[in-house]
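In the two assemblies presented below, chain A is common to both, partnered first by chain B and then by chain C.
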Partner chain A sequence: MSVERRRVAGQAVQRRDLFEKVTGAATYTVDVTPPGCLHAKVVRSSRAHARILGIETSAALAVPGVIAVVTASDLAALFPRFGHIIPDHAILAMEKVRYYGEPVALVVAENIVAASDGAEAVQVRYEDLPAAMDAEAALAPDAPILHDDDYGASGDESFSEMAATPGLPDHGDSPPRTNVAHTVDLSWGDVDAALAQAHIVVENRVHYPMLYAYAMEPYNAVASFTEDSLHVVSSAQHPFMVRTDLARIFSLPLSRVRVQVPYLGGGYGSKSYTKIEPLAAVGAWVVRQPVKLVLDVEEAIYTTRADSAAITVRSGFDAEGRILARAFDIVLDSGAYADNSPLVLAKAVNRCFGPYRVPNLRVRGRSVYTNTSPASSYRGFGAPQGALAGETNLDRAAAQLGIDPVEIRRRNLVPPGGEILPGKRGIDADLPADLELVAESLQRDARTVPGHGIGVACTASDAGAYPISTAIVRVQTDGSVTVLSGSTEMGQGSRSVLAQLVAEELGVPIEAVDVVQSDTAMSSYERTTGASRTTTLVGLAVQRACADARAKLTEMAAEIEQCPPESLAQGDGVLESADGRKLAFGDIISRWFGGDAGEVTGVGTLRRDGRTQKMPPFWEVGMVGVEVGIDPETGVVRVDQLVTVADVGFAFNPKAVEGQDLGAATQGLGGALFEELVYDGPQLVNPNMVEYRVPRMTDLADKIESIVVERGDGVGPYGAKGGGEGALNPMGAAVANAVAMATGKWPSRLPLTPERVWRLVNDLPEVDAE
Partner chain B sequence: MVLPPFALHRPTTTAQALSLLAEDSVPYSGGTELLLAMRMGLIRPTALVDLKRIPEMQEIRTDRSRLLIGAGVSHDRLATDPLVEQHARLLAAAEREVGNARVRAQGSIGGNICFGEPRSDVATVLIALEAELGLANSAGERSVPAEEFFLGPYWTARDATELLTAISIPLPCAEGVYLKFQTVERPTVAVAAVRRPGGDYRVVVGAVGEVPVWADYPGVGEVDPVDLVGRTSPVSDLTGSERYKRHVTEVYIRRAAELLAESER
Partner chain C sequence: MTAAQPATGHDHVVVAADVNGVSVTEPVPTRWTLAQFLRDRLGLTGTKVSCELQVCGACSVLVDGAPVSACTYLAADIDGRRVQTVEGLAARDQLHPLQRSFVEHFALQCGFCTPGFLMMAKALLDRNPDPTEDEVKEYLDGNICRCTGYEPIVAAVLDAAKRMRGQA
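Let's look at the complex of A and B:
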């Protein structure tokens, strides 16, 4: 199957934001300072787990320029917490702190120096409580309990629908109280019986590291109240979700909360849902002046990180390597507050066993509170964690059975249309064909020398999140078009893609299309910008808005031309009358309204029906292969080849697809080889850009091939489906598999730092005994 | 964190600069270390004495038997300057790999040395090249061999009222190899192995311990990695455990010596 080439869609158009961003002219939240703006600094907990005995603010208030010190006691009239699934997250710590770095007070001052000095002058008295610094400690029988309250979980239908097993999240509220924030179980068939009959049973346990998404822009927010309305400018991926949390905090109607998002300096999931907007907003609420809050990188790391995971997997295979049963036990270290971790867990559960025919399955997932920085969404959503377990397990089986790692996948991958999750949408991709592309490319350049190894890994993610989108298309009297969408431009290039789509649908030049995004007061509603959904789901809403605009234009033209609407043919930016005259959109509008004025508004909506009835809206493919070379003396892993398949159905902008694909693969390489947040006692050792090591240009593979595959098999416009996180998901597993092949030893813990690989090669323990 | 307020002096001669220095009035060159330390609240000087407008601190020149480098010269310039390339290739090579492009453009050789950060490429190379460091205060000038300058982490032979004015490298310059093992912003282990002008050999091991260590050998075949490793004082950190660091140090000493031997064949 191939796709039709089009006039604008499918072309590598230049990004809309290119010059603005390269020249520094682009506006980010940090650039926004309204008149009369005050500046805030957060006083953060210096303890992992402690009762707050008192907060002494007088010295801070005496600092010249300090206007107010806001603490939890000032929030009595408000709903003092947020959290879209479990509203457990205190805006400012109440009674106790649950992690080092938790906001305890907010100092508002005339300038940032005064705010900082004020923050240093705030004295907090604590009584230390025993802390649970990792999931194992938090699950121990006598573990200190982080949350004593029952917060009441959200009954949002969309949340339960995105987990494979329906039902409300169970946040562990039945006594005795534990640190389990959330559990998700998934099973079918009879795993025990199948394992008992298996030719071989392969078991292993893996650890996926605690990561930080490293958006270049940390979290920033500017809040102001006018009359009874709240206006927040923020670095949020999902402004409409943030609006809901803010409306609940201040008991405001949704229409009186405006969340506006300028350009984002990257997100990678870390800016989804509410972060520091409530802090800035309560500051503005107390002082009744605009308040700006800008975090540095260390503060951002203590705001959100990714869930680390410990996963045990057992799989049974027949003699030919066909999967008979798989059982997973997943424990996520979700930090002090649930945030989006329940959903990350649900996705880890859905994704861990891979896009394979698994006749018998049992997955047990737990998201665990610990006294660490709260975890939430991160590009891949539980898939990288699960894939490390499932895909290394598959390679172990292949080795035991003497089957090639590519071959064992061939024998197990679901065919096009095949079901991965019972009752859900079948796979809208040809995974076996994608696998061959990776295998061929790797083989072509493989070096069969000692110390070298090849690794492949596959994932398929139930992506797209919940299909709720709206879009508005406004056709102007000069034929130009304004598009309103609530989706966020966060570097992924959605502004350009949506412009391409409108130019294509209406047949107008792309230069005539302007896209306005992410303002809850001024743009249309969008549920989220995440799960690789914008091109596909927002695309469908925009496509429908274009159709609506054309329908309205046709009605208007029929009225002014006094002809039946059916007699008008649709053309590029025009309607054609039966006698061959071209009626330009702008002229139709001017003539219909009279007086060279007016506009036509096309509205498009998307919900769970028709082609987006079945969940997930689409599957996102992750199919990668790497070749590594290892220095046996130092353990340094060098990536020689990186091959990815971007199976996106239809590539609106092939260059952008490649950029997203390689970006995702490179981010995955970070977690595979370099990145890890490390706690030593209550605090992180490396919450900064120098010691938290992200991939660099020099780490990139010598050969990089991103194969863009277009089979038109997606649910979106022209057969498109999502891309942008797929290649991240299997990267850790692929690298681990390649290292295993190169060394003959099975790694179980990422990142594969030189020392870890050296210890692996030399059969040394992970750490030396003291 | 926010940079606390301070006064900024901008002298144009070394003498002016010296008259402005005091315990809480400190030299300021590229600021790549100083301003970070101030932001982190580690130091809070009341005044900074900016050295960037003192022309002689920016000079690179030779006088018959020495290469003279002003303390304010940036890493970038050292990496590309023809005189340095001609007379001190090892320094030029090491400078090309210091930190990242921004640090190389902004940071100075003097700031690198005076900060006394143990993981300095520059310190290792200057000891290999037997550089002399020129120090001055209002009372006069003195010269300290690089071997004696680095006393401990963030601790050097420089007195608070002294300025490092210039680095002086004897010519002809020792030649050899510089190898480093680096996984993050700064090296884990750095090894300079050189043939000295007198015909014997010196191996300097830097970055891995609190201060660089070195040994001289009559022949390159006599380099003893195990003995040299024994003199270092590695500590476990994110880049490796003590055990691992000792191991890679040994590997890198051996590799540097082998490369040097090969280059002479």
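Let's look at the complex of A and C:
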């Protein structure tokens, strides 16, 4: 069960980036202002859906300090859209706007004050169109259609399964266009027959709220053109993906687009893929000077949010509570542009039914365009939405059958290695054992008093981590090592983990290892930083790069020592000759090159083969329990106990794992209890951090237990696998289950605000219930 | 703001202040915030701006020892006052006990909120060297962190307080 403790890997080493961060020295994109930098401000749509009749820029250009006003008409020579799955997203609105807050023009000025004044002075004339403000309205037979064009989807293998174009199936000449951006269906067995024979059939419908990740550093980017090369510094999680979009926009070779990412002030998936980089870049392209664009929080909320969801679930059980069949209907409100929602939908479909033995399954998923802020990735990626439906459904069944909620899960969880998705990798975790850890901890401190309730929930996410990674290690003449990786440090601690791994593999002190990340011109290629992939997938590439460096050093040592390579033994930072001499890596390099100079470069690559052939590369476990206390007078929910399992295979840095785990759990509690973006008419009523409330320090649970589980069952180095979003995924469902136990009523929507809970307690209809 | 009468920052006022122990005399646009002045004029980019509405605490700095939100505090108002930012927390080569404690307790991940937390925690410990856990939570409730889940921050502040009392 337990894993081997190692010299550096597995130790709670202090993260070096933290020293820079506590002194204020750490550089974030927002701190980068090159000489001669101009500043930009975005003019945004004041309509939800409207035709653009004209854009009057002369008043803006008359503002002192304003250099240029860029509109879609300036982009005729460019490919004016982006989007890695469906390139539907206009850099600047063309012909029409599809949501309130959509960029319509970009004002570039000598300073931000002039840019802001200039943006105020741009006048846009609109002709209003009927708007579809939610998924239900967008699916209505007479709904206004957001997208009239086919955009053609990405041919990328990992996205090709997402490739349906808007509203159009693969067949037929011209079926009527709809607002369905994407559909995903999944089924096996005979659901109807199984439901007909079930002892009980339990059906319920849930609503998962529209969320904002609130990475505290808002989206920002600095772009400049020199000759025919584009250089962008950006708050992007995936610089290489952004590079691809930018190269297409400007018809540039990938090698002439450099995207550089310093420290990120939080990401949580919300900084995945391309955001505002094209805006900054077209500004710089027009004025031929560096342009900096920094969004405020309201603009950031209108840039990306998470998909809200309405989900109906119907499950059949036998008398012992075993699942016979499950059917789900998932509708995501994906906003005005597809962005990453097709993938979010695919994952919601794969994850909604839970890590259980489900002999018969039918899931229908639709991602729907609406005239709202575009939705995309957010930590958890469809899993929290699906889990709210599936896991509350399971508790309802347990209640009907008189079975304990933990017991019904015991009876249905897949065993270690068991199959969740046919043909995919079996579960690389012991979920039943994880469940017992949560149940024991909760029971130990449970208070069985009125107004209290316990809730548990389980998820397993097929990690959307496509195995394409590269890494380079450069061994220096003094034996120190520079590591190059395209994985972004956004707070999760990858810089430290990769250093630990190299120190372990090469046997050098961790202080001698430096990690350089996320610069498409200088670091190695990395597909993305998301889906908890770095330790596992980048880790494998780094491990291979270290092996490559050792192999090269061995060849070189054999040459200079005139001995067979096999006679050299591998040691910590050294090779040992047959006669017992230790040849330090640095000395080997110096002697081979002939002078105190040179270096050895080890290269490691990872693709879909061997141990990473089978998808997903790993499953991310979410296993949580909460105990809540409810104030019947006010409806306020107080979290007494928060118990999470971080089933990570091997914890490279246990303190960092606990930190990620509690962070994910806390964001999950935010969506469960506080957070929701609310549209009223064309615009949000709460696009700010006063009215969009996130968890605060006094919301801390009285008891927090993060149980780090290491069974070495992951595909990554030393048995590691992904962590850091697991605890978020089932949290909303667990809180809903706990509130149900405490109130005796079944909530159907999150967040469980005091008013909603008070209404439950008092047997009143839910707020804004259908 | 109309286009006819743009306020592009031409109205200036001269401020003389002590910033992290350094005397500063600078003309600043009247509409500049303290955060703009610190970051864009003095290059003290450790102070971060996030919500711009005084609810996240990321931009917290001390003015005459009291915490203020630099995102909404006007630069003109520091005239004659003493400003302390995260850059002034460490003494030459020695991290402040709060800084050391934050690193040791993993009380930060992305670090964007950290300068604000450190300055707010300093304000607390300057007034109350021996706070209870509840007092720490109450005092820092106006600072948002999206990464850590807060527990390690509470632990770090309590530990730093203990160390500082030991030093005194």
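Just so we're on the same page, the second predicted complex is superposed on the first by the 750 of 770 C-alpha atoms of A that agree within 3 Å, B and C clash if a C-alpha of one lies under 4 Å from a C-alpha of the other, contacts with A are read in each partner's own complex, and residues count from 1 in each chain.
Just so we're on the same page, contacts are C-beta pairs under 8 Å (C-beta built on N, C-alpha and C of every residue); 3 or more make two chains touch, one makes a residue touch a chain.
On a predicted model such as this, the values are computed, not experimentally measured, just so you know.
Legend: residue contacts after superposition of the two complexes on their common chain; A:491 is shown touching chain C, with no touch to chain B.
When the two complexes are overlaid on their common chain A, residue A:296 makes contact with chain B and with chain C alike.
Note on chain A: of its two partners chain C and chain B, the one contacting more of its residues is C. By the document's definition of touching, both partners, chain B and chain C, reach A:113. In the overlay built on the shared chain, the residue A:30 is in contact with chain C alone; chain B does not reach it. Of the two partner chains placed by superposition, only chain C is touched by A:19; chain B is not. When the two complexes are overlaid on their common chain A, residue A:419 makes contact with neither chain B nor chain C. When both complexes are overlaid on chain A, the residue A:685 reaches chain B alone and has no touch with chain C. In the superposition on chain A, the residues of chain A contacted by chain B and by chain C overlap at 113, 116, 296, 690.
On the chain A side of its complex with chain B, the touching residues are 112-113, 116, 296, 633-634, 636, 674, 678, 685-686, 690-691, 693, 753-755, 758-759, 767-768. Across the complex, chain C meets chain A through its residues 1-3, 6-9, 29, 31, 39-40, 44-53, 55-56, 58, 85-87, 89-90, 95, 99, 102-104, 106, 108-115, 118, 136-138, 140-154.
Residue ranges of chain B in contact with chain A, taken from their complex: 1-2, 4-5, 181, 183-185, 238, 240-241, 243-244, 247-248, 251.
Residues 14-15, 17-28, 30-31, 33, 59-60, 62-65, 111, 113-114, 116-117, 120-121, 213-218, 263-268, 296-297, 490-493, 655-656, 658-660, 662-663, 665-667, 688-690, 694-698, 700, 704 of chain A are the ones touching chain C in the complex.
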